[in-house]
Amino acid sequence: MTADDLVSLRRDLHRKPEPAWREFYTTARIVDELESRLGDNLDALHVGPEAIAGDHRMAVPEDAQLTHWYERARDAGVDPDVLERLEGGYTGAVAVLERGEGPTVGLRVDIDALPRRESDDPTHTPAAAGFRSDHEGAMHACGHDAHATIGVGVAERIAASDDFSGTLKVFFQPAEEVVGGGKSMAESEHVRDLDALLAVHIGLDHPTGEIVAGIDGFLAVSHLEAEFTGESAHAGGHPEQGRNAVQAMATAVQNLYGIPRHNDGKTRVNAGVVEGGSAANVIPDEARIVAEVRGETTDLMEYMKGRTRQVLRSAARMHDCEVDIETGAEAPSATSDEALVSIVADIASNTGGVERVLERDELGGSEDATFLMRAVQENGGHACYVGVGTDHPGGHHTATFDVDEDSIGHGIDVLAGSIEEISRQRS
Amino acid sequence: MTADDLVSLRRDLHRKPEPAWREFYTTARIVDELESRLGDNLDALHVGPEAIAGDHRMAVPEDAQLTHWYERARDAGVDPDVLERLEGGYTGAVAVLERGEGPTVGLRVDIDALPRRESDDPTHTPAAAGFRSDHEGAMHACGHDAHATIGVGVAERIAASDDFSGTLKVFFQPAEEVVGGGKSMAESEHVRDLDALLAVHIGLDHPTGEIVAGIDGFLAVSHLEAEFTGESAHAGGHPEQGRNAVQAMATAVQNLYGIPRHNDGKTRVNAGVVEGGSAANVIPDEARIVAEVRGETTDLMEYMKGRTRQVLRSAARMHDCEVDIETGAEAPSATSDEALVSIVADIASNTGGVERVLERDELGGSEDATFLMRAVQENGGHACYVGVGTDHPGGHHTATFDVDEDSIGHGIDVLAGSIEEISRQRS
Amino acid sequence: MTADDLVSLRRDLHRKPEPAWREFYTTARIVDELESRLGDNLDALHVGPEAIAGDHRMAVPEDAQLTHWYERARDAGVDPDVLERLEGGYTGAVAVLERGEGPTVGLRVDIDALPRRESDDPTHTPAAAGFRSDHEGAMHACGHDAHATIGVGVAERIAASDDFSGTLKVFFQPAEEVVGGGKSMAESEHVRDLDALLAVHIGLDHPTGEIVAGIDGFLAVSHLEAEFTGESAHAGGHPEQGRNAVQAMATAVQNLYGIPRHNDGKTRVNAGVVEGGSAANVIPDEARIVAEVRGETTDLMEYMKGRTRQVLRSAARMHDCEVDIETGAEAPSATSDEALVSIVADIASNTGGVERVLERDELGGSEDATFLMRAVQENGGHACYVGVGTDHPGGHHTATFDVDEDSIGHGIDVLAGSIEEISRQRS
Amino acid sequence: MTADDLVSLRRDLHRKPEPAWREFYTTARIVDELESRLGDNLDALHVGPEAIAGDHRMAVPEDAQLTHWYERARDAGVDPDVLERLEGGYTGAVAVLERGEGPTVGLRVDIDALPRRESDDPTHTPAAAGFRSDHEGAMHACGHDAHATIGVGVAERIAASDDFSGTLKVFFQPAEEVVGGGKSMAESEHVRDLDALLAVHIGLDHPTGEIVAGIDGFLAVSHLEAEFTGESAHAGGHPEQGRNAVQAMATAVQNLYGIPRHNDGKTRVNAGVVEGGSAANVIPDEARIVAEVRGETTDLMEYMKGRTRQVLRSAARMHDCEVDIETGAEAPSATSDEALVSIVADIASNTGGVERVLERDELGGSEDATFLMRAVQENGGHACYVGVGTDHPGGHHTATFDVDEDSIGHGIDVLAGSIEEISRQRS
């Protein structure tokens, strides 16, 4: 069972959602929580630039954005010493427990929120219970508030455990939603010596009481940003003098979604953010598409990326515009190792509150945990991505997403138990 | 010749461009200039809510916008008494000179800027000469800074004239670019007793030294704003659960520009501002188009409006979205009266620096001066829209638009001369 | 008044509509009619290759088409000697009357039909009165049956006239609808010595009893044909292996209609015929667009042509296809000379049955009579395009188009009278 | 080994490809071949209306088409008695061998060709070796000529076999390519008593020497035909009076390919044939799309069908057109039964020339053999769809598709061997 104080941590994080690389309040709050709960049991706590390989950060927002959120965190009264270390968007933390001989086991949780407005409908629990987002336009709509809480809970549990021998590292990873943080954590020194890595996600259409021991089917993903540049003109007086960037963009959007499906497996494309133009009476000279493509394999992702470039370029030419295409964050696919999957499945089957255990399931989305999983596997270790069911009223990434807080306890129980079992088998 | 001090007024206004209904600095600056130049010669000066019929304002921006620009004007140090009267976006002014028996003549100039970035290229005179926009993202790209200066200059000239008998009213109109201010000025009490109205525009592809005595061919115009609402979903996990508002928007844009041309005359459509979506990995549930349609006649504008609605609604249905369409500002067409056109042509032919006079030309754009012109004509008065040529390096509404300041003097000379001649013929 | 026998000629031509370069029956019928009506009064009758400059024919259909219609004409029992001379699609005729000293005057009428199905609704007069098209899928939907009849009628009238001195040439021009025949007639030797040329069109939204003395506003026109080539693939098994020519074509169509309107005047674009693909389960590897563009001036037509090419090429690239673009027939714009316009207006005003005479009107369409008009004007002669009103229930080019046969008489009266007056003024 | 005479049968069928429901020559040729090879060993031969349930035919072409191909077969000199029985498009045959006690086993082969032109490149074997299609515009581009040949070969082999006891029925099915014949054969009386059914397809990207014992992954498929109706107008004179069916069609095509991918499995859409309009200068009043949608399950196919209807209807509304949507042929998905798969795999492993046996593979396309498979399975029998590898230079449905004739022998050996083994196990 989750102690009430963990629920209050989750709700506090929920109330202060921070998008990628702006997890200033979140990181500071996690640091504070770990220090107060674990005290001397915490052997090391790497924060910000010490937790990640800063050069490998992807999709970092503009300085103005960073400053805005930094000041907001400062105004919320977090520890200024911690905050200062995060300046410039170096967020995240790695907590280390050293418990003698034994394997080095990692647990990775992600901590960022989404740039979307949260529902204020009274049937939406966070709204009704008073922990709806304070940050209008940002929301924990994918459960990372619960993930961070599970990370803290597992650290606390293992710190107090008699059944663990070895080293535990809990990775509180920033910027998962923009596929921006996984690589910088995978490239940090903390990952190199891991014998095993567990990662966790809540929900994913599995109800409370259900555990998926090993998730596969991560789609490889790539972000692209296209800037169309044309020429403005007076829309009434001389439409023929314009080179219409919005027409180019609209042509591109129509044809992006029309890229042929591929027989080798899943492909995806989304023009997730678009904008263009300045005034009703001016032929638009600028437009922008922030898009992502995915594939069941890296090859399929590359197929989508190649076709996307071709569509963007041809749409620009069609309307006599230029287009500048920048490739953003990317993540590979990965698979869960059977050795860990069977451990998690066993533990889950004997965990209170867990009513059903699935050996395997497909994610059908992307995750930059794959960077860490691949890094561990390439070093000869094992990795496993665990699903913790939770009743969620709205879908992931929608305004009414919420978690059943009971599932936080399930997550802590299954993960801590699995970590103990790994230690037992490897020691 | 334009006195240097008028050039410095124009440059000051150029440096502080303010978009529609946010002309706080601009109005206060004009008031200050009129008071210091005309002093007791100014019989009345109606400011803000006293200058316009506030209920008839169209396309007023959100409060946050108004506040932002209001504070900016305050910080720039304008007269707080004047500023206070403009609060809430009641901008503009009407200056009145009473000079005994004779006709009541109006001169209408517009004063607002455009929401676009000004060029910082060293070949762009305002950049080179140090009066480029201080307000990044806003720009006097249509010469309204010169118009306001001409208004002040004409008032000053007539105040000092021995050849004018009657009443002169100079209308400093806000919000022309969004077709938002003309109606509120036309509905004010100040327009009712006008016997003649002159309006003026600089440039319009006519070079310095050229005057167009009477401009016609105003396109009727209507603004529309469409909000598409769909349903978000995880773009990797469940694209089929989304109802994609950006796909609907792109389909609409493609088909808006494809509305059939009409044999009865000019038609226009422009999707001037578009935006949609929240994140690369979320199927967009919201998108927006700010569009305008125009027609050589009101019927043609209505044809375009009807087809536009049909396109917007069908595009929404196609992608299972809803669309909310709001009609914004509108302006009718109008024509210049021959009686005034011939006066202006005569005066222009005898004005120093004027090398060529065109009796008539077509605007090919829209203008909400048509509201004032029609109001005067319906009361039995005459109206005329005068073009003052100026060499402009970039086209209207583009980042490198600028005026040849010599033409400000031409405008003052021709307009003041014409006002005197009207007085002479009618007295 | 039109003799009944001319009505029966018109109805016979209506019943046997023949599209461009396939006017085998039509030409033979006209030849027969001229010979039987004029007999020895006919000084020369140039047929087929002697009437036109064969090398300058444009938009000639495939041999199979020519053969099909040739055989159909043969089966209808036309004079085999005449028919033989038309073989290979050399249709049309020029009738010459030499009446002593005086100007050489030309009258040009066109004779081809459209490839569209005629209405069989009982309210459609040709259907009710039994002279609906025998050639299913072809129709005289633009009144060229009446034009040919007027040509015969004027020749007969002038042959019998005491008021004409000089030479009359009546040009029965093929292939107007595809803008294919005008140039070949303009390049023939028969046009070189013309002092004056009249051309005629019936209808054009003018009612019976109305004459337009001089029509202007011919849009310059150009035909284009685009062949997209991609690669086929099994639509279920390997959609990704296809390069979809139909997607390219659809993208092109959407963007062709979206080419910006031009402030300098009328522009037009139409994707009049499209086709592509072979079977539901095959990714289409071929698609085709037959398009036309027009402009109020040749420059505007060239603007549209340039943008059209850009759209077609970019659409092909977008879907990894090739596109082959062929420019087809073209025609320039032209204007009617005032000298002839005033003659026609005078005569028309004194013609029985004519209730209203318009000096000038705009066509708003295209016409390859402009080739002949320009050729005459470049040689120092005058040209004039005359409109003869007729009540037409359906619009031009629609399935229910028909003419009021009274207007055939008006056309003959006004044109023959004008030709006599030209002779009178020039002799 | 394939006897040379079977190769000559295959080549003769290849030379006379006949599309769906027009397999007049093909059926008569098969009948002739069976009778001459099997003679008295043939216990029954059901032809045309006796072989299929005529009411359940789908996608039958127009009478003119049927007549054209019927006459072509007659001119080719086939047996007039057989031909007469096929009149009206009742093609196909069922051959029956009764060999005493034992199971009733079916073998289904399809016999129709595709409406596409065959390559005449000298590197294309049928062109080089003189058996390229005589029917310009039709082609055996999917190997059904080999399938028919295999059907004849298996019948001949079993007729001479000592290892088969029971009943064999060979189904020569028409109209597979249009998903039109499977249902009519499944609904015939001949299918009801089958204990086992084998179906076969050659190629499918497997090389010569490879056998796939059991193919699954049939996509459910549905054909749709949309007719858009607008209103024509003169494209130069009055574009605004048209209601453009080609614009509606192009909008539909663009959005059909943009229907969101579905996370539950494969989906497909193809606008395989499109056409519209009548002439370059007429706004098109008619346009047509022949489309198909597919899904990995029937639910996914229904999802695509629902979205397709919505796109078609909205595209029509957008351009003020009507659209008439007709659903054509459909086929469900199906799976191969393990009991038969293992028999085929065993036999194949011991067949000369077979170098590799795959237990299972996915088709990734559709097949109306699924109607027969499901009918047998619903009656308690088993079904299995067997793949016979063949080196094919061009992909299925492309102009250079061809089979390696050695694989015809492999197919006969594996299928006849499997039929004998089924008899052995069930007797």
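The first chain written gets the first letter, and so on, giving A, B, C and D; residue counts start at 1 in each chain.
The rule is short, and it goes like this: contacts are C-beta pairs under 8 Å (C-beta built on N, C-alpha and C of every residue); 3 or more make two chains touch, one makes a residue touch a chain.
Protein names from UniProt, one per chain: A, B, C, D = Amidohydrolase.
This structure is a prediction, so every number in the text was calculated from the model and none was measured.
Touch-path distance (fewest steps) from chain B (Amidohydrolase) to chain D (Amidohydrolase) is 1. Interface comparison, B-C versus A-B: the pair with the greater number of contacting C-beta pairs is A-B. With centres taken as mean Cα positions, chain B (Amidohydrolase) sits 47 Å from chain A (Amidohydrolase). Annotation: 67 Å between the Cα-based centres of chain A (Amidohydrolase) and chain C (Amidohydrolase).
The multi-chain contact residues of chain D (Amidohydrolase), meaning those touching 2 or more other chains, are 237-239, 244, 247, 251, 254-255, 257-258, 260-261, 263, 268, 283, 364. Against chain A (Amidohydrolase), the residues of chain C (Amidohydrolase) that register as touching in their complex are 237-240, 242, 244, 247, 251, 254-255, 258, 260-264, 283, 303, 310-311, 313-315, 317-320.
Of all residues in chain D (Amidohydrolase), only 254-255, 257-258, 260-261, 263, 266-268, 364 touch chain A (Amidohydrolase) in the complex they form. Contacts from chain D (Amidohydrolase) toward chain C (Amidohydrolase) in the complex involve residues 114-116, 177-178, 204, 219, 221, 223, 231-239, 241, 244, 246-247, 249-251, 253-254, 257, 268, 270-284, 287, 290-292, 294, 328, 363-366, 395-399.
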